[in-house]
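Consider the two complexes below, in which subunit A is the common component and subunit B and subunit C are the respective partners.
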Partner chain A sequence: MLVWSRPGRIVLWLVFALLFSVLFLAPLAVILLSSLADQWNGVLPSGLTTEHYSDVVQGAAWKAVKASLVTGFLAGAVALVSGTWAALALRIQDATLARVLGVLFFIPSAVPSVSVGLGLLVAFSHPPLLLNGTIAIVMAAHFVLISAFTFGNVSAGLARLSPDFEQVASSLGARPAYRLRHVTLPLLAPYLVAAFGLSFALSMGELGATVMVYPPGWVTLPVSIFSLTDRGDVFAGAALTMVLVAVTLILLLGLERVTGRQARS
Partner chain B sequence: MSVPAFTGSNVMDVDAAKIRGAGSNVHFDKVSVAYGAHVVLHPLTLDIAPGEILAMIGPSGSGKTTALRAVAGFVRPASGRIRIGATDVTDLPPYERGLGMVVQNYALFPHMRVEDNVAFGLRAQGADKALIGERVKDSLATVGMSGFAKRYPRELSGGQQQRVAIARALAVRPRVLLLDEPLSALDAQIRRNMVEEIAKLHRDLPGLTILYVTHDQTEALTLADKIAIMRDGRVSSHGPTAELYRRPPNRFTAEFLGRANLLPVTVTEGATGPKGFAKAKLGDALLAGAARGEKPGDKTLLCIRPQHLSLTGDEEHTNRIVGTLKEVHWQGELTHLVLDVDGTPVRVSATRLPVSLPERGSVVPLFFAPGDTSLVPEDARG
Partner chain C sequence: MADAAVLPAPIAKKVPGRFWIVPPAALLALLFFYPLVLIVQQAFMDDSGMANVGEFVRVLHARFFLNALINTITISVAATAGCLIVGLVLGLILAFVPFPGSGVIARLIDTFIALPTFLVTLAFTFLYGSAGMLNAGLMEAFSLQAPPVNFLYSTWGVVLAEVTVYSPFVLRPLLAAFSLVDRGQIEAASVLGARPFRIVRQVILPAAVPALIAGGSLCLLLTVNEFGIVLFIGAKGVITLPLLIYSKAIQESAYQVACIIAVINIALSLGLFGLYRFAAGRLGA
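After this line comes the complex of A and B, so read on.
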């Protein structure tokens, strides 16, 4: 730390704690409280209830959880495979081409997600590729939006990998496929898991593009939350938000445990 | 496939003893390497005989690693051919060249146990289980790491990791072992031990051809049969270790290998006498030294090693120069002196000193034997 005096450090910690609680904890706490609120007109709710949770559980919650999980896993997995493939392939191109293609990969993340959704909707509403109203178009939207991040994560991992490992492997007689399977991918594993975790989390929270393209019967959690609050059902929206937070956190913590164990072994 | 000892099917019936008995030579035939317009290796022609240890030594950036990586197949020569044994490997991918490679930072696979690291090459080549088990045991025993088979690399010290890296390279029974600064990451004490171990390893595997890249002259002098001294992407000199040390062919070699003193002299008489010493003048002093075909009037350098200079003369140490004592560093078994001789700093390493050491600033004589000197031409460049 740059500040060494004791009072200085205490002040820094206080500032940090204040910012953290205002920006980070307060909104979550408000949502948590709303999800349990009976009525909320004053400073605090007038009573607590679990009614909203039973409402959403009886309502569309499970379908939304399922839609979000399936979308997150599939889009995340496809993005992981293609992002890794792209990162590995670009590595053996010459530097300029690699940079240009690398930038191309990042374009979707620079475009507003609503526009990505709109673009897909317009593009795939006509034959020959008629995806409008299918689950596939939701997957496509999520894939487009998250693949830049998997690509970026895996590229960063590759850049940090000393070429010595792969070269020693080659000199010992390992052909490229064997080397990829037994040296490169295992050494990249932490980055692959991190890339997947990030894309999964992004997909779980994606709203802008999904709203544009989702078909009936495939309403993801953020879309449900959006329509609940849009209808004025703020407390139910808050309850569903807590479900979204819980599901995402559980999965990310699970992934973290897997990588943690891998790093220790 | 064109590399017989390295194909999946052959690896199983290769007779280990045969490989140990007969290594392959490595031949650089006008090999040049460029990165873009930047030439880092000028056409290099060099032969490493079967079973020979060639140390490639030179300052950082002189192209040693580039030359080694060209043999391994990771750098494509801009021109020239590289042959290993009878095979032209220039166009072969690294995994078909049948080599073992050890790099400075070991590069042990961190996710594999020691035994799996050592087994890696044979598994990649599809060797059968029994052979792999036997070779892993063998190779670990060769480097004295048998007790560590189940460990992970991070549970080993630097020196132990480097032994495992060597065992991993030996397990595939390479035709040539490439070592790139293998000891640079180790501290001095361990480095000395490892140099001796590598020397012993080569006594046990006399057929193994070794290209040993280093910037450390002690490692090169201890291990190498021959030394190639690199400078700015060219071989500055190449020859048997002792000869290169005793009769350096140019200033760069003399200074890089053993920090020789080089005194500018003028030849007065070419090789004469039974020993073929030439005579040369340094100021007023007339000196004799081993000749290299100089003619009277030639301006050249007289090369004399710090340990061959003495403060006391006798019938053997007949050459005499005088200098002003500038510095004295006592180091226990050795005392290092620096004198100024006609404007040239001269280093002396003395084991025995006169009872009363002359004072700094005093003018003292230095004696040396003509047989310990040689005349060295000034470098064409620099």
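After this line comes the complex of A and C, so read on.
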């Protein structure tokens, strides 16, 4: 305990409560409130309604939820396979090369998402690789943007694995493929789940690259939230934002329970 | 793809399976590095395919570009400073003056990392917008005709939104660093009569410097690249580099200008990424 006097501690806690409520609690609370607001002309809404949610579910929103979920799962799965593959393959390169390639795999996380979208438009708008206007270009953009995070998470997990298990397996005569399937990957599983959860959450909230490349029939949640609020339909936008937050948090909590169970068993 | 051939390693025979790195590297080369090369190529070439830096120089001197560059840097530096201050204050209280439930609160702030950034902007329009709660309250209380609080549609609105979104990125490494500070040392110092402020300055802060540098440089990088917050605020006067790339490419179909701005934005980001890697490397050492 740094501060011993009770008044001193209470002052600090009040400072914390103020910062926390202004910066974190108020935004979440107000989004929730506005998604339920009937009319809002004063300090507080005049009444509450679930109308925005039913509008959103009946309208194009359901398609947006589907587009976001499919994009998140597919891009996340490809990023997980490619990131795990890269992290495992880097372990058998020599040290200098592994370091250089490691940085290359991280670079997509440093490039602005809008530029990633722009690059895909420039590169894939002509045959033979015509992706512009297809769903594939959205997947590609999401994959590029989340790949560095999956790679980073899996690499961090690999670095933390005790080498003993793998050495024991090898010395008992396990071939590399058997060792990978029955020793390394199971040990790595919690990190793989965490990496997938993070990349899924990132994909669900991705806006910059998607807004550059999305085809008319594949409007993700963030893009449709933007077009709703841009049209002035802020309450529907807030309702759809709550849907996005709920879907993301439910999935993250679900994945956390899966990892928790694995860790205990 | 021709570009994929650049990445694979020089060949050495001693380790089997070195080529396993090729598939993921080739995928990234095709979908990321190849488009990146094309952006650079488009930035320095005219329509006939000849190298031409004239357009590049013209954009570099254009008013709209310089404004966006200045806005981007101002917002990024101000937001990072804000994140460091907020992160430090929250972190110090969470780590050294804990209260019942502070663990839960710390995890709650951490989940903000997983939420979309534009959520905060949308919330801010309800809170501080011209028809938001704060303005409505003030106008009612003092019978004002016009909304008195207008900061949301300026640079400061973007800065406040970015502080909210990115201070968890400072808080996370900071709490990790604080957990390593020797509690005995703090208690000894305070028993010997050192005041809390002095303990923070002389014992806690030195231990937190690497975390502050790593978190701060990550914030610089993320705020330079931030797009959703600026797009959602939609203020005419607040245009940043990513927003300029979007409006040039999508709204004006001026792809070459978009590529030129993207080259500069990417160069800026990669510089900050280098700074972050350097800082994070020192943190690990």
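We take it that the second predicted complex is superposed on the first by the 247 of 265 C-alpha atoms of A that agree within 3 Å, B and C clash if a C-alpha of one lies under 4 Å from a C-alpha of the other, contacts with A are read in each partner's own complex, and residues count from 1 in each chain.
The criterion applied here is as follows: a residue touches a chain if its C-beta (ideal position, glycine included) is under 8 Å from a C-beta of that chain, and two chains touch if they have at least 3 such contacts.
Being a predicted model, the structure only gives us computed values, none of them experimental.
Applying the stated clash criterion after superposition on subunit A shows that subunit B and subunit C can sit side by side.
Shared-chain residue A:159: touches no atom of subunit B or subunit C.
Legend: residue contacts after superposition of the two complexes on their common chain; A:103 is shown touching subunit C, with no touch to subunit B. In the superposition on chain A, A:20 contacts subunit C only, with no contact to subunit B. Of the two partner chains placed around the shared chain by superposition, subunit C is the only one that A:114 touches, whereas subunit B remains out of contact.
Once the two complexes are laid over each other on the shared chain, residue contacts for A:95 go to neither subunit B nor subunit C.
Once the two complexes are overlaid on the shared chain, A:177 sits clear of subunit B and of subunit C alike. Judged by the number of subunit A residues each one touches, C leads among subunit B and subunit C. Of the two partner chains placed by the overlay, only subunit B lies in contact with A:186; subunit C stays clear of it.
Aligning both complexes on chain A leaves subunit B and subunit C separated at their closest CA atoms by 10 Å.
Subunit A residues in contact with subunit B (one complex) as well as with subunit C (other complex) do not exist. Contact residues on subunit C toward subunit A in their complex (touch as defined above): 7, 9, 12, 15-18, 20-21, 23-25, 27-28, 31-36, 38-39, 42, 86, 89-90, 92-94, 96-97, 99, 105, 108-109, 111-112, 114-120, 122-127, 131, 133, 136-137, 140, 163-164, 167, 186-187, 190, 196, 199-200, 204, 221, 224-225, 227-228, 231-232, 234, 241-243, 245-246, 249-250, 255, 258-259, 262, 265-266, 269-270, 272-273, 276-277. Note for the complex: subunit A touches subunit B at residues 162, 164-165, 167-175, 178-179, 182-183, 186-187, 189.
Residues of subunit B touching subunit A in their complex: 6, 72-74, 93-101, 103, 105, 107, 109-111, 120-121, 124-125, 165, 168-169, 172, 178.
Partner subunit C is touched in their complex by these residues of subunit A: 1-4, 8-9, 12-13, 15-16, 19-20, 23-24, 26-28, 30-31, 33-34, 40-44, 82-83, 85-86, 88-90, 92-94, 97, 101, 103-116, 118-124, 140, 143-144, 147, 176, 198, 201-202, 204-205, 207-208, 211-212, 222, 225-226, 229-230, 234, 237-238, 241, 244-245, 248-249, 252.
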